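In the two complexes below, chain A is the common chain; its partner is chain B in one and chain C in the other.
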Partner chain A sequence: MLTFTIRRLLTLVPQLLVAALVVFVLTSLLPGDAAIARAGGESATPELIAQYRAQLGLDKPLVERFIDFVVHAATGDLGISFSTSEPVSDILLRKVPVTLSLVLLGFIFAILIALPLATIAALHPRGIADRISLAVATSGIAIPNFWFAILLVLLFSLTLRWLPATSYVPFSTDPLQWFLHLLLPAITLGHALAAELTRQLRASLGDHLRRDYVRTMRSAGLSEISVVGKHALRSALGPAVTTLGLQVPIAIGTCVVIEAVFDLPGIGSQMVQAVFSRDIQVLQGVILFTVLLVVVASFLTDLAYALINPKVRVQ
Partner chain B sequence: MTAPAASAPSTTQIAQVSGRRHRGLVRRVLDRPAGVVSIAYLVLLIVVSLIGPFITPFDPNQNDLRGVLRPPGLDHWLGTDDLGRDVLSRLLVAGRVSLLATAQAVLTGLAFGVLPGVLAGYIGGWFDTIVTRVADVLLSFPSLFLALAIVAILGPGLGNAMLAVGIAYAPRFLRIVRGQILFVRNETFVEAAISTGIPRRRVVWAHMLPNAWPALIIQISFMLGLTLIIESSLSYLGLGVQPPNASWGSMIGGSKAFIEIAPWLVLAPGLVIFFTSLAFNTLGDVLRDEVTGGRER
Partner chain C sequence: MMSTEKWRVLRRLAAAVTVGALAVALAACAPGGGGEATAAPDPDGSLTFGYFEPATSLDPQQGTSSQDIPWLLPVYASLLSYAADGSVAPGLAESWELSDDSLTLTLREGLTFHDGTALDADAVVANMDRAMTLETSTVKGDLSSVASVEASDDLTVVLSLSAPDAALPAKLADRAGMMISPAAFDDGTNLAIDPIGAGPWQLVEYSPGDHLTVERFDHYYDPESVLLSSLTIRLIEDDDTRLSAVRAGEVDVAQISAAQVQLAGTDPSLEVRTDPALAVDHLGMNISIAPFDDPLVREAINYAIDREALYEGIYRGTGTIAWQPFPPGYFGNDPSLENMYPYDPDKARELLAEAGYPDGFSFDFKTNNQPFRVQATEAIAGMLADVGITTNIIPMEGPALLDEFYYQNSVPIYFTPWGGRADPSQTLDNLFGPDGLNNPSKVTAPDLTSALDDARDGGDQDARGEAIRHASDLIMKDSRMIPLMFPGVTTVVRDNVIGYSTGLTGKANFLNVGVAATS
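Then we have the complex of A and B:
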């Protein structure tokens, strides 16, 4: 297990380097550079722009700038925001907990929806639960998240007045309010993520329930709970874990829209703000951090998979 | 002397067989209730979008400040928005914008995905390694993030946004095409085609690529559904279509402030997006069932 972990850990480095290159190239393509923005726009004197360009290291060749970018990023220095003059790393530190809270709760909801639904659906094909699972799997993909979120707000915040519609309360300030403020956003995200998970789990559990070992256990008189819960479900969970890992980028992408609807100060809304204000430095930082998150998530997924399925470790 | 005569009918025969197979697929899809309903809905939608601008009951961009936020009624079937514009008229015109944008994104994805996919599968070696690595990295970005980054470079606007979405989705098409080309690369019929002296380029396009079509068509159907959602999300955020023009997404974004007093402004475009995306996804499901033979459930 240790060699597997180390070997898998080593593959993260080239992955992150390539991602950093893509982010760097993308953001280098942006019209107008940091120096012009810092000097006060296009009307600034060429001397002032040149001075800032030298100060920001923008007069160096591209390759050198890329190396600087990687070295700085690796030490946590992601530059300074053009629009607020705040270090990008500080902005991220402030906004990341919001998005992570949302993603975490979203995944919990997705599992809470998918696991029981898929299990009952697989046990009773063509039953009511099976039909509901199909509806969830389809609606989760076809309903626009922002619209679903607005409908939830319309029902639970504006009509029933049970839950707050906007803003965020940090966990450290008030855990209950943190949860209540994130409940509707997390349900929206969970609904979106549950679609693929339900479909996948339903198919894989159904497949396992038809296998010989399940028939043998049943004929040997093992209780249904033991057959399904201890054996079939455990085997079926392997691919589901992979599905969960693959959904991390989808979840973060979905956060952009959900944070906009619920007015949550996370990295998603920060990203939209950065696009509108063309804040390249923030954009770079947010994308780079997101890729780091995705890469780490795929690493953890592989580890979890190796724990569940020992065969993977020796490959 | 008989050899050329024999080879000529055989190629037409292949074309006939594959043509028959495709006709069979269309018929099989139409035999399924879900297939027929999705296709009927989509055809209706496309027709309505084409003639939309000519059948709108009101001018979709005409403000009427004396009749703002009117609920649905006999006069305005779906009510009016915050500027007194007729919601049904806007919905009809916005449909054209949304559908064209969705098609543009998927075509962009195909344009950027198919050729590299074919080349990666056919040439293999270092070229394949580089192309698939770049595709993997692109896939590891959340697609909406990638689209946002490209919009930041090119500026807001629906054309740019859809170009961005297309580029973000190209790796998915690339992977399918590459996989199928790899799959048939060493098959006897390819070897046979090459040995009869048909130019390589033609072998790739006319003999190998058609094998990727069923998988591609399925993916296109799902992608259309997904792209519609992404398009409406970007337009909702204000990064897609720019006012006074509307797409279904921007109609929802523009009326979010009024949901409490005028929920119909949000309900109508949302339902249309949902049904359209549902139709694309259902069609994709039916196609997949019929192509892979046998249904999933």
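Then we have the complex of A and C:
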């Protein structure tokens, strides 16, 4: 297990380097000049544009800027925001907890929805529970997130007045308010993520329930709870864990929309602001961080997979 | 078919529901409705304002967007200020005297900044020096007529002018006149996120791209006007989310779009108001690009646009139709220009034929991809198609579009919301002047240039009004502008808020605004 972990960790380095290159090239190729945007767009004077072009280092060759970017990023220095002169790492420190809270709670909701639905559906294929689970899964994919979120706000915030409609409270300030403010956003995200997870888990569990070892255990008189919960479900979790890992980038992408609807100050909304103000330094930092998040998530997925299924470790 | 018995039950039910709803509505009105005029503002009251654009910087001398102003107004006081009608009034300076070669300001006594630094003539000189010399200063242009600044005593500042500038007092009531604590710019404070001024409120917390919280500053020069103990400005970019936040009571005041007026109006706890403002939506043009270089073509477009239809369909009955750069009621408005180009598609086709385009022409109609601007562009494209001008609509991101319009000179015409300026000369010079930043063609005419000079150089308000009207006449005669609408500012206000209205500058200001004490 240790060699597997180390081997897997080493592959992270080239992954991140390639990601940094892609991030850098893409953000540098954005149409619309960052110096013009910084100098005020509609009211920018040519001399102010030139001033900012020099001050932001945009007059240096692309290769030099890339090397600067990678060397500094490796030491944790992501540069200074073009617009507010704040260190990008400070901005990330402020905004990342919001998005991480949302993603974490979203996944918890996804699992809370998917696990029981998929288990009951697999136990009673083509029964009512199976149909309900299919309906929930389909709605998670078919209903646009922003629209589902607006419906939730309309019902729970504006009509029933149970939950806040917008904004974020840090966990350290008030854990209960943190939870209440994130509840609707997390349900929106969880509902979207649960779809694939439910279908994947149902198929995989249904497959295992038909296998010989399950029949043997049942005929040996093991209780249904032990057969399904302890043995079949554990074996069936493998593909579901992979699905969860693959959904991390989807979840972060979905956050861009959800943060806008619920006015959460996370990295999703930061990314949008950075694009519009052509704050390339912030944009690079935010994207690089999300890449890091995805890479780490896929690493953890592999690790979890190896824990559940020892065969993977020797490949 | 329903039996009569069922109908009767239903009707009774409906009546009961109506009465119930009325009772609820009346109960809701009782404390708030009549209270607005009588309720005293809560001295410990706090208010949350929802705004749609982030500040580019909280350093007034380095911010680059006019949308920074609502974020700056709580923290910074200006040397002069605006009265409700848009004219210039005293500010940190209690009086001023303008001549052709100087502007003398007399400061109030005993002023201080939030950090305790004295706000005297030396502090003003230090601010002016920074504003005029800082490499990335964005107010340099506003102060271009100022040759030098001197303190003649503790309370008197003399700005020597290199040319007459009647617009200078108005500019000093705006961003250029906002005073920053000299101690802060000397010690390297990052003013972009850590503002220190002498405004009615001082900084408590600023989280860029999220919110700004300020609390009452006890040494503000006009303490009676500061009714709120604390004020929070929240950035909520999405229109629907902003309105939801107001409806849920999480935000007290917010600007909304015309499309939301109907929905907001259904909520009895909200007041929806549209205040007139200097902003004008128009078709921004680069008149060096053919065929828009031909006045006949531009005139045809002016006739081809059905402004009534835009008012009803796109602006949902808010705002005022625009026929010139300045709105009715403002001193630069010329009543004789009203309805100058009434909707007349036949006339438009004739003019196009006269210009040599009997079958019309076609062009790429680029637009900012904000939904409202795309809608407006589509509506206008339909009207142009009706007279034979076919268009290919291309929605683009804001910065990319501006780059093409202002710097690459490759966009002939696009739907432009002009935010208005403190002084009418700023609007005219920018949009139509030979060096106008917002006149990418830089094309002008000798008579127009001299009219712009007259408007800028001054005299009293009447003389300037005359010059501005003359300039507007010249602009509209050649169709250098295709004005569409003065959109005004549409705001939703919760019923606990007392005394809110948006001034002519269109920027939210919370002086003299309070909230009712909750019993």
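The definition used in the following text is that the second predicted complex is superposed on the first by the 280 of 315 C-alpha atoms of A that agree within 3 Å, B and C clash if a C-alpha of one lies under 4 Å from a C-alpha of the other, contacts with A are read in each partner's own complex, and residues count from 1 in each chain.
Just so it is clear, contacts are C-beta pairs under 8 Å (C-beta built on N, C-alpha and C of every residue); 3 or more make two chains touch, one makes a residue touch a chain.
Note that the structure is predicted; figures quoted are calculated from it, not measured.
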{"item": "Partner chain in contact with A:232 - chain B first, chain C second, else both or neither", "value": "neither"}
{"item": "First, second, both or neither for A:102, with chain B first and chain C second", "value": "neither"}
{"item": "Chain B versus chain C as contact partner of A:189, first or second or both or neither", "value": "neither"}
{"item": "Chain B versus chain C as contact partner of A:158, first or second or both or neither", "value": "both"}
{"item": "Which of chain B and chain C A:26 touches, first, second, both or neither", "value": "first"}
{"item": "Partner chain in contact with A:265 - chain B first, chain C second, else both or neither", "value": "second"}
{"item": "First, second, both or neither for A:45, with chain B first and chain C second", "value": "second"}
{"item": "Which of chain B and chain C A:167 touches, first, second, both or neither", "value": "second"}
{"item": "Touched partner set for A:147, first chain B, second chain C, both or neither", "value": "first"}
{"item": "Interface residues of chain A shared between complexes with chain B and chain C", "value": "31, 150, 153, 158, 260-261, 272, 275-276, 278"}
{"item": "Chain A to chain B touching residues, read off their complex", "value": "15, 18-19, 22, 26-27, 29-31, 125-126, 130, 134, 138-139, 141-147, 150-151, 153-154, 158, 203, 206, 249-250, 252-254, 256-257, 260-261, 271-272, 274-276, 278, 280, 283, 286-287, 290-291, 294-295, 298"}
{"item": "Residues of chain B touching chain A in the complex", "value": "133-134, 137-138, 140-145, 148-153, 156, 225-226, 229, 232-233, 236-239, 249, 252-253, 256, 259-260, 263, 266, 270, 273-274, 277-278, 281-282, 296-297"}
{"item": "Touch list for chain A against partner chain C, complex", "value": "31-33, 36-45, 48, 51-52, 55, 83-86, 91, 94, 150, 153, 157-158, 161, 164-167, 260-263, 265, 269-270, 272-273, 275-278"}
{"item": "Residues on chain C engaged by chain A in the complex (per definition of touch)", "value": "54, 56-57, 64-66, 135-136, 138, 141, 190, 192-193, 207-211, 234, 236-238, 240-242, 244-245, 247-248, 250-251, 397-400, 402-403, 406-407, 430, 437-438"}
